[in-house]
Amino acid sequence: MPDDPLLDIRNVRKVYGGPDGLVALNDFSLQIPRDEPQIVTIAGESGSGKSTLANLVLGFTKPTSGQIVFDGMDVGRLSSREMAQYHRKVQAVFQDPFGSYNPFYRVSHVFDMVIKNFKLADTKAQAREMMEEGLNAVGLKGSDVLRKYPHQLSGGQRQRIMMARAYMVKPKLIVADEPVSMVDASLRASILDVMMKLRDEGGISFLYVTHDLSTAYQIGDKIVLFYQGTLAEEGNVTDVITNPKHPYVQLLIDSVPQADPTRRWQGEIELPAEEELRTARATGCRFVPRCPHAAEVCKAALPPLHPVGAPGHRASCTLYGPERAAAE
Amino acid sequence: MTEPRNVVLKVRGLSVFYATPTGDVRATDDASFDLYEGETLGLVGESGSGKTTATSGILRMVSSPGRIVAGSVELDGVDLLALKEEDLRRQRWSKLALIPQGAMNSLNPTMKISAQIADVIRTHTGKTPPRDRILELFQMVGLPGRIHDMYPHELSGGMKQRVCIAMGIALNPRVIIADEATSALDVVVQRVVAQTMAKVRDALGVSMIMIGHDMGLMAQMVDRIAVMYSGKIVEIARVADMFARPAHPYSKILIDSVPSLTQRQALRITGGITHDPRNPPKGCIFQLRCPYAAPQCREPQPLREINPGQLAACCRAEEILAGTAQAREIADA
Amino acid sequence: MTEYSTDDDVAPAEHGLTREDRRRARRMRRFDNPWLNPKLYWGGGLLLGIVLVGILGRLLWDLDLVFTGSGMLKLPPVGFENLRGQEGTFANPLGTDGAGRDMLALIVIGAPNSLFVGLLASLIGMSIGIFLGFTAGYVGGRTDDIIRVLSDVMITIPPLLILVVFQSAFGDVSLTMMALLIAGFVWQSPTRLIRAQVLSMKSSGYVQMAKLSGASTFDIMFREMLPNLIPYLFGSFIANVTTSIVTAVGLEVLGLGPQRVPTLGRTIYEAINAGALIQNLWWWWGIPTLLLAAMFIGLLLINLGLDEVSNPRLRKA
Amino acid sequence: MSSTRTLALASAIALAAGAGWAQDRADTVIFDLDRTIKDPENFNWFTPGTKRMHGAHQAMWEPLFILNYGTGDLDPWLATGYEQNDDSTEFTITLRDGVEWSDGEVFDADDVVFSVGMALENEEISSREASTIRAQVASVDKVDDLTVRFTLTAPNPRFIVENFGVRIFGSFLIMPQHIWEGEDPATFAFYPPVGTGPYTLSSVATNRAIWERNDDWWGAKTGWMDLPAPARVVFLETGGEESRAQLIAANELDAAQSVSVGTFEAIQAQNPAVTAWYPSYPFAVSDPCARQLEINTTVAPWDDPRMRRAVALIIDRTQIANVAAEGATVPSRTMFAQFGSMEPFIAAVEEAGLGLPARADVEAGQALLEEAGWTRSGDYYEKDGETLSVDIHVNSASTEYTRTIDVVVEQLQRAGIDAKAVPVENGVFWGEVLPFGQYEMTYSWLSCGSVNEPWASMGRYTVDDVVPVGERSPGFNNTSRWDSEAAEKYTAIVKEIGDKALNDPEVPAMVAEAYAYLDEEMPFIPLVQSFKLVPFNTTYWTGWPTDENYYNHPFFWWNSAHQIIHNLEKAE
Amino acid sequence: MGRIPRSYLINRLITLFLTILIAATLIWVIPRLSPVDPADIMLGRMAAGAGSVANADQVLAQLRESFGLDQPMIVQYFKYLGNTLLFDFGLSTASFPTPVSSLIARALPWTLGLMILSVVITFVIGNALGAFMVWERSPKLVKVAIPAAMVFTSIPPILSGLLLMWIFAAQLRWFPLTGAYGLMVEPGWTWDFALSVLHHGFLPALSIVIVTFGFWALGMRGLMITVQGEDYVKLAEAKGLRPRYILYRYMIRNAILPQVTAFALKIGLLIAGQVLVERIFAYNGMGKLLYDAILDQDFPVIQGVSYVIILMTALSVFLVDLIYPFIDPRIRHEG
């Protein structure tokens, strides 16, 4: 299994705006195994680099350095024809279910495009059957939605149709970029449920990009947490959520408002002024200005990933490595 | 639990309709509730539920094609909806302040931060506030003094939101309405801002209405909670009661849909279809999506007291509380 | 403070509707379709009217009356009397100008000519704009820089001046030539607009979806992006028609522009030169001015309508 | 701002600006100026670009003589008379005694000799009058303080009228030696200017010049002439027909530049005090440049005189007068401008059975075409499979020009000639089309020149001036390139006329003899007289020149306007 | 905001320079594409005035020399560029030998005066109308003003000028018919003169104002509607601020910003539109100068006037770009 992963992200780095520009993603590596479909959660605040990663995996931007290899293809070096082939295997669902539709066309356009360009069907009837099948997988009927315009559907419906579209391509990986953050709470479950179903029944892996740790905890298998373009902590989702190690992740999980009036936030936290955050981008651990455990050694270099218990559970923090002890 | 408290804001039968060529959309329909002195009331609902419209109604700021059809909003016994425009203007902010949603766009981009706080003070007190007063307000919400001469675009989202809080408390109002005040922020910043808000609220003893869709945040912040669905208030209860034993099926769905961070559990999916807002079903507004819909739901469902302090608009509330309600007793219409 | 939205998360219920309900729903959809905009129709109607004057006039009226001396001089429209006490006749229902040309024939030929210059100039300008705008927005980089600086520079140069220089140097030009010249100055704003729109659309969800669906660059540009640009393109086109007509009329009123082809501007120029105002020959300058006004109001209404199509906020106000 | 307040403000400003002006108005005469005074502080008339029609040569600089268009005589002004030798190569002018410059210096023969000398010695001064002097004068001498003698390079009986008689527009103006001495005549600005006239410059800006009466004027002192009645003369730029019409209707202008008949009627309807040359239709006076259709005689088929005559017969000149000039002018009887002083020559031509009828004779014209081998087939005449067609170039600067050609084109079309108008820019027309012969036919007025004798016009079509197409016609003469046997005979007679004295009784007969060749071959077709409808306002001033009060023509922008100003009287 | 980064300044200066260079080249090249020899035109004009010219060839050669037409094109071009930069546009052909620069110098103040007067009035009235049209509290009358305003916009300025002249000068006699100041008023720094200039400038300015304010009104309306929907305006209302204060400080202040840029761009067009108005009112500014030059085919003057107008436009755009950050704190100059 580790020999030939489905998706292999190798030391990928993305810098915007020249060599001294903003480091959106810093030397990141990740593997998704081929024969064990997973929902891998990529989590972090806005600006943490998680959307950059999604765009890199989808081939929308090219890495500044490093490689993304999918099924033997180097995603950063695909010709436009190869890119189309690649997209047969890697699909996406985006945050804004409305924006994903071209308002000029009826809903069926999103299916027609895929069928036409990927030559999925030979006849109209076959195409129709495929659409129906895809829609059934997300609990919708073609006659209800296909002839409508996107604005005539509800947000939940729109997002489920997007799932159906991705499913119809029968990809091996779906990048789901915040698929539920713009959907009402009472409808979220139906979309998350589709994701789990596609993983379990369709054998499709997901890169689930989100800022919402709760849903990640509910459906995810593995989780990767970013802080300002750097990986803070990764591991099995249960391990990370129930037993966070990185001070940032701890703060993050502590800050999620619990739907339980008896368990309210304890204590107050301070936010540093913006300037300090900005200067912190240069070297060392990005979290230093806000970290209660910050030490000089944290400013020297970006801490490597240290194993912190359960297999695969690792955190980028000097608290768990030898450098801290050495410094003290 | 039943200590007698003063009602600061009394909303009765507030209805705000939006005109369309084919009839009115009942964005807020016959909403009634009380806000007690010093308490925080949560107003939750999903998009389109009418919670923001209700706020506009309370502030009497409904813009065309909407209009306030009926109701009264009594602030300390004065009906805001009946006031002359100039009198209403004087009441605004000095009595009833607003912390808006999306502070990103709620500050005038061409005015300095301090000027935007100063102008409201000057308008209502007739005096230009000294610099110290502004700095004091900044301090209360944890903002550095150096932003005094800055422009909004120079601040981060969290800071702007705190500027709005500082602005809201500038005149020690009786009531503050916080409309989704933290929903655009990242989790950690959201917590900081929400806690700042709570701290200021407690320090000033001001009453507050928090509008939002995040049940988690409500659980953290409010004393009582009102749930809206499609323009109607379907349940009002103390926050503990609401989370422990919701009496309205929609409240129950909302609470159940919040994913937990403490235990993994199967996702609970609600079916049914939302109705056309221009053409609501007769009777209970929720019947098309309700898992417990029954023939008697075709009758209008007024808000009624189920338990002391807990009101719900459901004929089967008792059954639901008792856990004996049978699912889906009518076929889809 | 979001506005109350009726189109998010609310799917119209389609069940159990009576026929009356369905009819109402249909009407509602028409309201929801922004293209069914009264301003658009009134504006379009006005322009169509002018085109109709051109077409019907050619069929029903003797256009040879446009020649000098084809009627009495300075005859008033039917039902009026001029300073010399002559009354209008049905031979020249709108009167004649100072050279005895029939006003109706002048207008039948002149009004469509003026519109033609505007439309042609704008069409050419738009084509250049679409090409350069898409190139700049989609290709980006150095190409984008060059196009942007060029259009910035050209926006600064007042077209009328260059045209004045050109016309003084060359004398008579044809309508088409004038349209071509004007076109050289109306491509900048569509270029800018399209470039900006293409840039923002490039990262939009549906363009990404199209990429993910294996769509070619051509498909993305012309099947995904272009249809959504239609309101903007159309709006920009209409605005450019207005600019082009204003520029053309400006030249004509200066006595430049085509010398021999009747246009509204040329007619006004001749009227003014001949002292039509003091002679109370109101039909001579008034009728072309009125037609120009109708043309501009038509264009304005279309533009306002288009604004409302692409910006729903305007629909209320 | 409320409308009442606007009104109040407006009237307040109006009052402030207008105070005190009302009584001055009655003493002021305001003339129309149809152009901007580009360089108001330059009074060097030697440089091109007219720097004198804003009053300088109407009120300040006086000519030696003024040609009277009614009588054909030269009215003496600064000069009292002249004598010439038999072969017209030597002219002696006698100056008036007692003339003074406005700065008090005496005007005498030295000034004349000095001024002419400047023109002779400075090649670079290029005003038309100066270059004419340079071309004609061999030397100039002072005989005594009041006598000057000119020796010419060639015989020229018209020397005085051409150069010092205000024949057309201006005359060679004498400048004060005591100021110009030592200055470079090409660059000297001559500001403030000095002249001998009864007015001195009071103020000048780009849009107006104001002249105040010099009550110490020499003419009044010597008793030669009374002081003119207006205390002040203003030349005001008006800007276009519409505004000049409104100004004169509103009594803010006393004399306006030419307007159209319709405009004049409208002015009169508003203000009956406004008059013109004739009290009623057609109102206008003739201009010295009659209009004609110039034909390039080198281009087939128009190299055939029959073809040219055919066109002349087809054209209905009365319709041109009615449509293009709104009836304000008449068809030309001959090539000459129809002034009183030209009448003997015109009559001589007509008596010889020459000249053109007012109406067309299309059939006769068509017969000529057929005689030349053309046959009508459908709309047009054809010969050897070619349609008979002609391009007529027309200067697009004025609607009068384009309209006339429109009418001509229509007439030719109806008669079976596929004529087409080719409008060209003013500069192209004068710069390329006319002088280089780049046309088939064109609308022009190149037989312009004669106002009291026939030679000036006739002399422009001699074979001496023929150049091939593509070369510049000298002085715009004979642009038709008329060069045939007839033309040579014509030239011989015209040369003879040129050598005769101005009022030699043999001349009319010779004119008729020469005209026969012209009439036979038609290198150009006289069309209509040109007209000037010059409105005068009698509200404040009377004594304007009219047909009944014909002391001279009414062109107040000419050097002859001194006469008009002296004739003005305050209205009762 | 505030400080202008050098790279931005350099960038803008390059654009400015390019604009001027391209414009200067265009107005030089275009007349030379024409088949007509400018010296011939000059001679032709002499002939047009008098019917004939003596010594034509000699005069022509002289003219060619004085206009430098005997030199190779490329030399002429660079000489032209060099001279133009120094505001030396050569000699007018129509009023030879007056330098074009002195003609422009004499006309420029009048045009600037009239333009500033009309532009400021138009800008203020147009934007105010546009703002009031959107403002909820403005009277109904204002809200129907826009179609009326747009009718005027379709009128060529020359007609509006003539109509105004007809009504207010010829019929009502409130204002003078022509000129830039009273006949008997001497130019100078006196009250009489100033009043006279205002009195004379009113109608020309008004005829420009009534045909252009609709443009601003319409633009402002669109901007105001956008601003009206902004959250900060709604919050301002919730703050109980006085409506007028909201209108000025929160709405107009933000809506007007793009209009300022448009203003700079419009300056060139305004002068072009002023040409005919100046002509009919005999107002001796650049417009009149240009108009006469067109009639006279006086290319040095046409070039000079065009160049100055383009320079003014380019400079005003440049200046507005530079000061923009001071009026809109959101904008930062990017390098």
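Chains: A, B, C, D and E, in written order; residue numbering restarts at 1 for each.
Simple rule for what comes next: a contact is a pair of C-beta atoms (placed from the backbone, for glycine too) under 8 Å apart; a residue touches a chain by one contact, two chains touch by 3 or more.
The structure presented is a predicted model; accordingly, all values stated were derived computationally and were not measured.
Counting hops only between chains that touch, chain B reaches chain E in a minimum of 1.
Comparing the CA-atom centres of all chains against that of chain A, the greatest distance is found for D. In whole angstrom, the spacing between the mean C-alpha positions of chain C and chain E is 24. Distance from the chain C centre to the chain D centre is 47 Å, each centre being the mean of its Cα atoms.
Across the assembly, chain A contributes 154-155, 184, 187 as residues in contact with two or more other chains.
In chain E, the residues that touch at least two other chains are 36, 162, 166, 231, 234-235, 297. Touching of two or more other chains is recorded for residues 46-47, 100-102, 106, 274 of chain B. Of all the residues in chain E, the ones that touch chain C in their complex are 15, 18-19, 22-23, 26-27, 30-31, 33-34, 36, 134, 147, 150-151, 153-156, 158-159, 162-163, 166, 218, 222, 225-226, 228-229, 231, 234-235, 265, 268-269, 271-273, 275-276, 290-291, 294, 297, 299, 302-303, 306, 309-310, 313-314, 317. By the touch criterion stated above, chain C contacts chain E in their complex at residues 1, 3, 149, 152-158, 160-162, 164-166, 168-170, 249-250, 253-256, 265, 268, 272, 277-278, 285, 289, 292-293, 295-297, 300, 307, 311, 313-314, 317.
Chain E contributes residues 35-37, 40-41, 43-59, 62, 92, 94-98, 102-103, 106-107, 162, 165-166, 169-170, 173-180, 182-187, 192, 195-196, 198-199, 202, 279-284, 288-289, 292, 295, 297 to its touches with chain D in the complex. Against chain B, the residues of chain E that register as touching in their complex are 1, 230-232, 234-243, 245, 249-250, 253-254, 257, 327-330. Contact residues of chain A toward chain B in the complex are 45-46, 154-155, 184-190, 192-193, 196, 211-215, 217-219, 238, 241, 251-253, 255-262, 264-265, 268-271, 273-274.
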